[in-house]
Amino acid sequence: MSETGLPPPFPAAPELQTQQWFNSREPLSLGVLRGKVVVIEAFQMLCPGCVSHGLPQATRIHDTFNAADVAVLGLHTVFEHHEAMTPISLAAFLHEYRIRFPVGVDAPGNGSGMPKTMAAYRMQGTPTLLLIDRRGRLRAQHFGAASDLLVGAEIMKLMSEPPDP
Amino acid sequence: MSETGLPPPFPAAPELQTQQWFNSREPLSLGVLRGKVVVIEAFQMLCPGCVSHGLPQATRIHDTFNAADVAVLGLHTVFEHHEAMTPISLAAFLHEYRIRFPVGVDAPGNGSGMPKTMAAYRMQGTPTLLLIDRRGRLRAQHFGAASDLLVGAEIMKLMSEPPDP
Amino acid sequence: MSETGLPPPFPAAPELQTQQWFNSREPLSLGVLRGKVVVIEAFQMLCPGCVSHGLPQATRIHDTFNAADVAVLGLHTVFEHHEAMTPISLAAFLHEYRIRFPVGVDAPGNGSGMPKTMAAYRMQGTPTLLLIDRRGRLRAQHFGAASDLLVGAEIMKLMSEPPDP
Amino acid sequence: MSETGLPPPFPAAPELQTQQWFNSREPLSLGVLRGKVVVIEAFQMLCPGCVSHGLPQATRIHDTFNAADVAVLGLHTVFEHHEAMTPISLAAFLHEYRIRFPVGVDAPGNGSGMPKTMAAYRMQGTPTLLLIDRRGRLRAQHFGAASDLLVGAEIMKLMSEPPDP
């Protein structure tokens, strides 16, 4: 399975750049979550594959693993139809779809349509699932549908590693 | 199966009251469509049951029956989160979800949150599927998920009836 | 939709040739069922498409339509792995899968592997869905997966026709 | 997630007692597979939950993990309808359902209907998924449907452990 994750040396995961958070009393960052495995579901609320596959998978991850070990975040990375997917629309979407985990709104980009965190990770589109280890390194980046079996294994692999070098 | 449709005498279906149409060069009405069986999928773009069940079923109906006999319409009946489901957002939604059939935007209500056509039909929520016969009478109104087998049968029942009394 | 059914003139449906029945106190025949629409699901118990699609669809038909109008039958048409799909095995299969409608065992063929009723209908394989009208004529024969929407419409079309010429 | 696996001290997994193997040139045993993580899907060919959930999951496990690390086996544990699920019927079933991994036939029990390996593991029914670590110890036993996310994590946990004490 090593072919599905990124090969070593593992790069430091770029810090999140967000403008707003839902389902969290305070802004979240990779720095604050260091020590946990971090799972980030990058999505757009009007992306069919995100609604049918990516977000339900993120919810299952959130429900399956212990929050002390694994932090699950959503990241709203709008790169098209910006006027249709504003934070006001996102708030209604999260309510209707019963999304309980924290969701950050990716910071608007400079000039291009792609927001800042999405650009920093060079994502190809949505949904994209990011797995970050306890030491803050990017270990897997899946564009499109990744199977639950594979993602479950990858998360456990990172859980099994010690938090410090 | 007679218990699933409405009992006779069949009421005249209230005319559509819309403010805008997508996927149609001109506004549509029950008057214009008289003579065809009319299938109307009343939905909200952020309603999970509409996205997972109602709209895919409407698309299957659109793909299965001959357009000369059966007209399939969407009706965007927003009664909550109005600011999140504007026509601008709806345009992006229809594009992303590849909805090809005509979709009307229900006219805003007077004071209450419920739009005019939705109120005229006394709908209980979304998704709601309306079946209207060739003579413009309301024959079935399903709130929630109705099975394809039942809906296919109900449509054919109306197709088998003559257009004029 | 007329292209999905068989074109007129509609042939008389060949009579069933069976060696045994389950879920029925007496042997069934098209002759006995004349006046009803008859739906026959031809299947093999070890055919994956029959288990995942054909038999669940037949059960939905059985649950949706009134038994006074529509008779649903299974027909076990074994044309391969005969020793693995004997009536003894079929009895256990019907019990485990909670099949409630009558199921006949197609009579063994003469020499070839194909049983008699299957040969008389020139079926291409399993699952095959047969629709027979109130006058005993074969009106549709679907090999493989037919959609619920289409099948529901076809059954209603036959229900809407008078039993006698 | 520790609550889903068995608590320590971990018992030695009882050796398989089989009468016949499919998809394997020679009989398999836990002894021979020592050093690998072993995944065993205990099933009956006429058990609906095995066909719809258990066996497809076992196939996904077989397709996802490297055979050098994880051995996937089926175990046909017939405890009811014995005459309907003989090895001859099983051979046809495995062919029709394209099961590629090795499948052993559990040895008939003494007197009771339950076969020997099934009894040794005190299984409650089928499907049952067994996970055995590299040292031959039983680490998880799931009766019914276990999620892919959980099973993927459990397998990786065992893969991450060293083969020797």
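In order of appearance the chains are A, B, C and D, and numbering begins at 1 in each one.
Convention: contacts are C-beta pairs under 8 Å (C-beta built on N, C-alpha and C of every residue); 3 or more make two chains touch, one makes a residue touch a chain.
Just so it is clear, the structure is predicted and the values come from calculations on it, not from any experiment.
Taking each chain's centre as the mean of its CA atoms, D is the chain most distant from subunit B. Rounded to a whole number, the gap between the C-alpha centres of subunit B and subunit C is 34 angstrom.
A separation of 50 Å divides the Cα centre of subunit B from that of subunit D.
The touch graph of these protein chains is a ring, one cycle where each chain has exactly two neighbours.
Residues 1, 60-61, 64-66, 147-157, 159-160 of subunit D are the ones that touch subunit A when the two sit in their complex. Taken together, the subunit D residues at the contact with subunit C in this complex read 46-48, 51-52, 80-81, 83-85, 88-89, 91-93, 95-97.
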